[in-house]
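By written order: A, B, C, D, E and F. Residues from 1 in each chain.
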Amino acid sequence: MERYIVKRIPRCDENTCNEFARLGSATVYEAQGQTGLLNVRIKPIQQDASVCGPAVTVICPAGDNLMIHAAVECCEPGDILVVTTEGESNKQGMIGELLAKSLMKRGVKAVIMDGGVRDTAQIRELGFPVWTTSIVCTGTTKSKAGWVNAPAVCAGTLVEPGDLMVADDDGVVVVKREDIPEVLEKSLAREKKEQGTTQKIEEGQLGIDFYGFREVLAKLGVRYYDTVEEADKSVHPKQEK
Amino acid sequence: MERYIVKRIPRCDENTCNEFARLGSATVYEAQGQTGLLNVRIKPIQQDASVCGPAVTVICPAGDNLMIHAAVECCEPGDILVVTTEGESNKQGMIGELLAKSLMKRGVKAVIMDGGVRDTAQIRELGFPVWTTSIVCTGTTKSKAGWVNAPAVCAGTLVEPGDLMVADDDGVVVVKREDIPEVLEKSLAREKKEQGTTQKIEEGQLGIDFYGFREVLAKLGVRYYDTVEEADKSVHPKQEK
Amino acid sequence: MERYIVKRIPRCDENTCNEFARLGSATVYEAQGQTGLLNVRIKPIQQDASVCGPAVTVICPAGDNLMIHAAVECCEPGDILVVTTEGESNKQGMIGELLAKSLMKRGVKAVIMDGGVRDTAQIRELGFPVWTTSIVCTGTTKSKAGWVNAPAVCAGTLVEPGDLMVADDDGVVVVKREDIPEVLEKSLAREKKEQGTTQKIEEGQLGIDFYGFREVLAKLGVRYYDTVEEADKSVHPKQEK
Amino acid sequence: MERYIVKRIPRCDENTCNEFARLGSATVYEAQGQTGLLNVRIKPIQQDASVCGPAVTVICPAGDNLMIHAAVECCEPGDILVVTTEGESNKQGMIGELLAKSLMKRGVKAVIMDGGVRDTAQIRELGFPVWTTSIVCTGTTKSKAGWVNAPAVCAGTLVEPGDLMVADDDGVVVVKREDIPEVLEKSLAREKKEQGTTQKIEEGQLGIDFYGFREVLAKLGVRYYDTVEEADKSVHPKQEK
Amino acid sequence: MERYIVKRIPRCDENTCNEFARLGSATVYEAQGQTGLLNVRIKPIQQDASVCGPAVTVICPAGDNLMIHAAVECCEPGDILVVTTEGESNKQGMIGELLAKSLMKRGVKAVIMDGGVRDTAQIRELGFPVWTTSIVCTGTTKSKAGWVNAPAVCAGTLVEPGDLMVADDDGVVVVKREDIPEVLEKSLAREKKEQGTTQKIEEGQLGIDFYGFREVLAKLGVRYYDTVEEADKSVHPKQEK
Amino acid sequence: MERYIVKRIPRCDENTCNEFARLGSATVYEAQGQTGLLNVRIKPIQQDASVCGPAVTVICPAGDNLMIHAAVECCEPGDILVVTTEGESNKQGMIGELLAKSLMKRGVKAVIMDGGVRDTAQIRELGFPVWTTSIVCTGTTKSKAGWVNAPAVCAGTLVEPGDLMVADDDGVVVVKREDIPEVLEKSLAREKKEQGTTQKIEEGQLGIDFYGFREVLAKLGVRYYDTVEEADKSVHPKQEK
């Protein structure tokens, strides 16, 4: 139960982060076998931001943000701060404008907060992206010990320091550090395939054809009717009398 | 329990749809006797869109969107795709950017989804309006049979193919196909009445006067006091001692 | 159980209101000893509005807005209408465009509604700020007696007529009328202190230093490690074998 | 914002309390004009308990139960302890077995807690009735100032010291102290009327007859059909073709 | 939009109902292809009741139970009353002790209520099983028109008069009237199969063997390790350094 | 992303488990520094069960229980099966009567399920304790790979194989394997202290005295008044006029 701070984490290169940010949470989630999604109760306070970077993790006791202050100097440019608390902290604003400014000053790209956030208008104005489970004007105590860069459970998912966080309007996905190259490759392959599909759609082709779904439907025994009345007659024959 | 696809649905004319879209969900809901509202857990992913069109209905097994692919070719320009699932699908993105593009290509006006949606930033960028119960980056399987254009329960309300969907920032309302002319007439009457009220308000008249509410209040025995202290004395006489 | 309307409430001066609006809910909440916050289920329908004014309170029976109509003429320019209902009214639009226009005509600054609101697109268009627990297109009855300017519980917090409401994107805070001067003074002191902190942050100083948190961490026995591996070895010695 | 403890509260006689407990929350709620109900998120931890007594109110800061300890000596036999917190305390067990024993020793009848409770198995074993918003094994701090016997908002409803609390499986209702005699009289009248109704039901009479609802239905234009098919034909004439 | 009452519904025989009640919701749900489940927000107010009978459906306007009174005389012994409302009615006790007694007098077996219920202690005492979305002591108005024995959406699922309701501690399942014989047969087959499985379990056999899951696991590439340490070394080879 | 099964886990002795079960979740949670609590959405399906044993962990893909079948043979008498899923599984009954019987046959003491459970009446009848996030009659697929005895996040908390689970009516607490002796010692010390407190309470002493809280209240500046009226006069002097 020792509480501690780890100063250095492993980080992947910036280009890889940028690629993941461009690919987005949906593509990355699928590419890595449908794992790593944080619970959907984590939502962005802004629209249209898409970011990726290595996780600096913080575990705070509920309603206390001392460890976030301790985490600031462990951050390098491009990092994403991932904060969780022991017990729920949706009624406390675990970060506000001042911490956002401190983190921006260190080059931190974004915060993923399993807890509340305040000063949201000001933080949006600063252009600092935040994902949170709650918006609330309250503050916190600053007096309790926790961890920086220990394995942390954020919104139901395990995040270890240096794991990549991919966050956009659709949610937040974690890529385990050891899986980064494999997931990038699969994500790019997936993107390429989707571009081919997009072209078919623009030519007016139907997914039911180019995915081969007509056969699937036939095998499943799905019947076609021309009108609602015909279907009705066939399905509820007894009601006809 | 036969599963099927109906290719053609009855559709009302475009002008009627445009009128309903202009009138909006609140006016239409009232005009048809306060019925037809989908549960408020269905919310728009964009602001300020107001649409109306005949429903093409889809029932999918939970977390599987094969039937949405099958529904695309049943759609005509101006339609609204209404999707529901057997069991809840809030943790699955039942449609994303590619299906949105496919539907736009067919001239579909909007999607009403009792389930999750992904690629929301991209779909907003496309200008394609969507109402949904959840935003989430996950995908679905594409292998299970359901129904296209069968009667469907969407967000707690029965929608039959060809019913009109009226959707805006305040919610989604269904107008039963056989009630369309009557509801349109009553909605227009209601609009006219509201315009008269608006004028009175702009002239500085008070609703308490022009609605005749002073009499109602008098009948209900509501008393007037000049100050908080007077009311307090009258209501809690025992506390004075 | 007598139901009544009080016509006049005590009001503080406009400058004070403007100062509180500028200071915002987070600063005021802290300055008054972390009290007075309405439940976070009350959220704005718009972004970036920040308002403050004396409360005209309304208590309606659930799903009936007659008393809001009665309250309009009790309002003066700069007031904020605070509405609550006996029992929940999240499935009813307790105010809509027409009432918003009536209130604007009286100079009312905003509505805080523990219940539903409709015509939200139109109300945003009018530039009239509203905080609400629910957006829904339904209406209400207009036939039941309640109170205007009685003590009211709004989103779990007691609001008395003439109390100041401070509302922005982070939430809604009530300042009791007798505490206004003290809370203003403390809020301004807090603001000044935060400006000092902001400057330190901009100079590149760390909160862990200027708040004196290094000592706190030391007292709490928080250890520093250089790498994740070192921390792991120290914490789970048995797993090394 | 001064925090304080009031030692003595007004109490009504025990017979009245027993009568209200026998009558139950539903009858009392109706008899007093459908007011005074605490939010339904407050639920009993036991079945079949029905209690009534004057409220000793406690307001604690969130997650701190010092003031409950202070309240114990303000309680007299027959009282009901009503606890609420500034901000939510659903993740903290605000009372447990030891406080339950302390309160029983003072003759307290029950606790109504807008917050969490722990040791629920032991408290049920003791036969001490508790209504709460959450069951959770965590504890609290015991170091922060609040109020005993100040006006308190419990589960959204204002409770003043000496108000009567009526609690059973259906919920918790507050009777304002000044309304006790009137509400008791109306509750007894209501009970008598229900006994008459019960007898009619046991004789096999139908509510639709003895309440006169056949006329109401006729006025509302509700039609009678013999079979589902007949209703269907009449309502959807176009679908017949 | 005509509102009406249908007096007679089709009913299946009592033996079939008893069989379905014995088989229970889980078996029936699976046997009919995993359809027909009401939303899990509908829960029993008692434990260990298991019932089945044909549905008499009622649609009430929100918070008004006039139509339930009208439905009583449409009920025959063995029926199950299924009630839903237009809009949500979780804050209203749509039935209480008196209506429960009236329904028992008619031989009704149970109530499935998509809305609130009161007098729950008394109803349990009477031995009358009820499934509901909310327990609350409030009452309703009795003045608004709805439908008896029209198609009704209850907890998100379409129920038509005469459909079978199967309800127990695990939930409520609807069997469409035309599917009753087929679903009964499949349910009995399923029960027989489960009895065989039970015997194997009692003999000490493992599901992984008698279901053939060892092969499935092998095909999926799931590896076996003897200890946690071995698995850890194999999965995170980089962390070993 | 390799998926695997670990056959053997470290286990602590039975006496220690029995001691922890007797001490209960509240005492253990406090003794280990207020950590290790699973989210309160996990609730027991029975009353008055209190268990403790080493965790055999299972991670299933959402809605698929193949890995639970694989886990059965990894269990030894006295174990507790802890199941979680990638993504939410509250709409699926991940275990039912047959799996409960299989687990009982292996001597498993209980299941902690972050997902749904079915056949709850039968499982209670068997006397097999289960904690779950949802009761629902649906089943699962049995075809997807996951993990047995990998680190698992259950209801928001990290559980590793061999960690102790302490579960009762108040919730579920995890004791990390390496902390077991220390936490047991502290729990027993805590129990002893509580027994002393219980005796004082039975003698009629007040916590405000034997905890030394009178001094705390004095330091916090909490004032005492004799009556509500006196407090009122002192706090709101302006309202006297």
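The definition used in the following text is that a contact is a pair of C-beta atoms (placed from the backbone, for glycine too) under 8 Å apart; a residue touches a chain by one contact, two chains touch by 3 or more.
From a predicted model like this one, the values you see are computed outputs, not experimental measurements.
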item	value
Intersection of the contact lists for subunit B and subunit D	A, C, E, F
Subunit E onto subunit F, rotation angle from CA fit, given as a multiple of 5 degrees	120
Centroid-based (C-alpha) most distant chain relative to subunit E	C
Subunit A and subunit C: spacing of chain centres that average the CA atoms, whole Å	29
Inter-chain centre distance, subunit A versus subunit D - centres from mean C-alpha coordinates, in Å	42
Subunit D: positions in contact with at least two other chains	34, 37, 87-88, 91, 138
Of subunit F, residues touching subunit B in the complex	62-63, 87-88, 91, 138, 229, 239, 241
List of subunit C residues in touch with subunit B within their complex	2-10, 66, 69-70, 72-73, 90-91, 93, 96, 98-99, 101-102, 105, 118-121, 124, 134-139, 142-145, 149-150, 160-162
Subunit D-touching residues of subunit C, taken from the complex the two chains share	1, 32-35, 37, 39, 61, 86-88, 151, 153, 156-158, 176, 179, 182
Residue numbers on subunit A that touch subunit B, as the complex places them	24-26, 29-30, 34, 37, 40, 43, 47-48, 50, 168-171, 173, 194, 197-198, 201-202, 204, 206-208, 211, 213, 216-217, 220-228, 230-231, 234-235
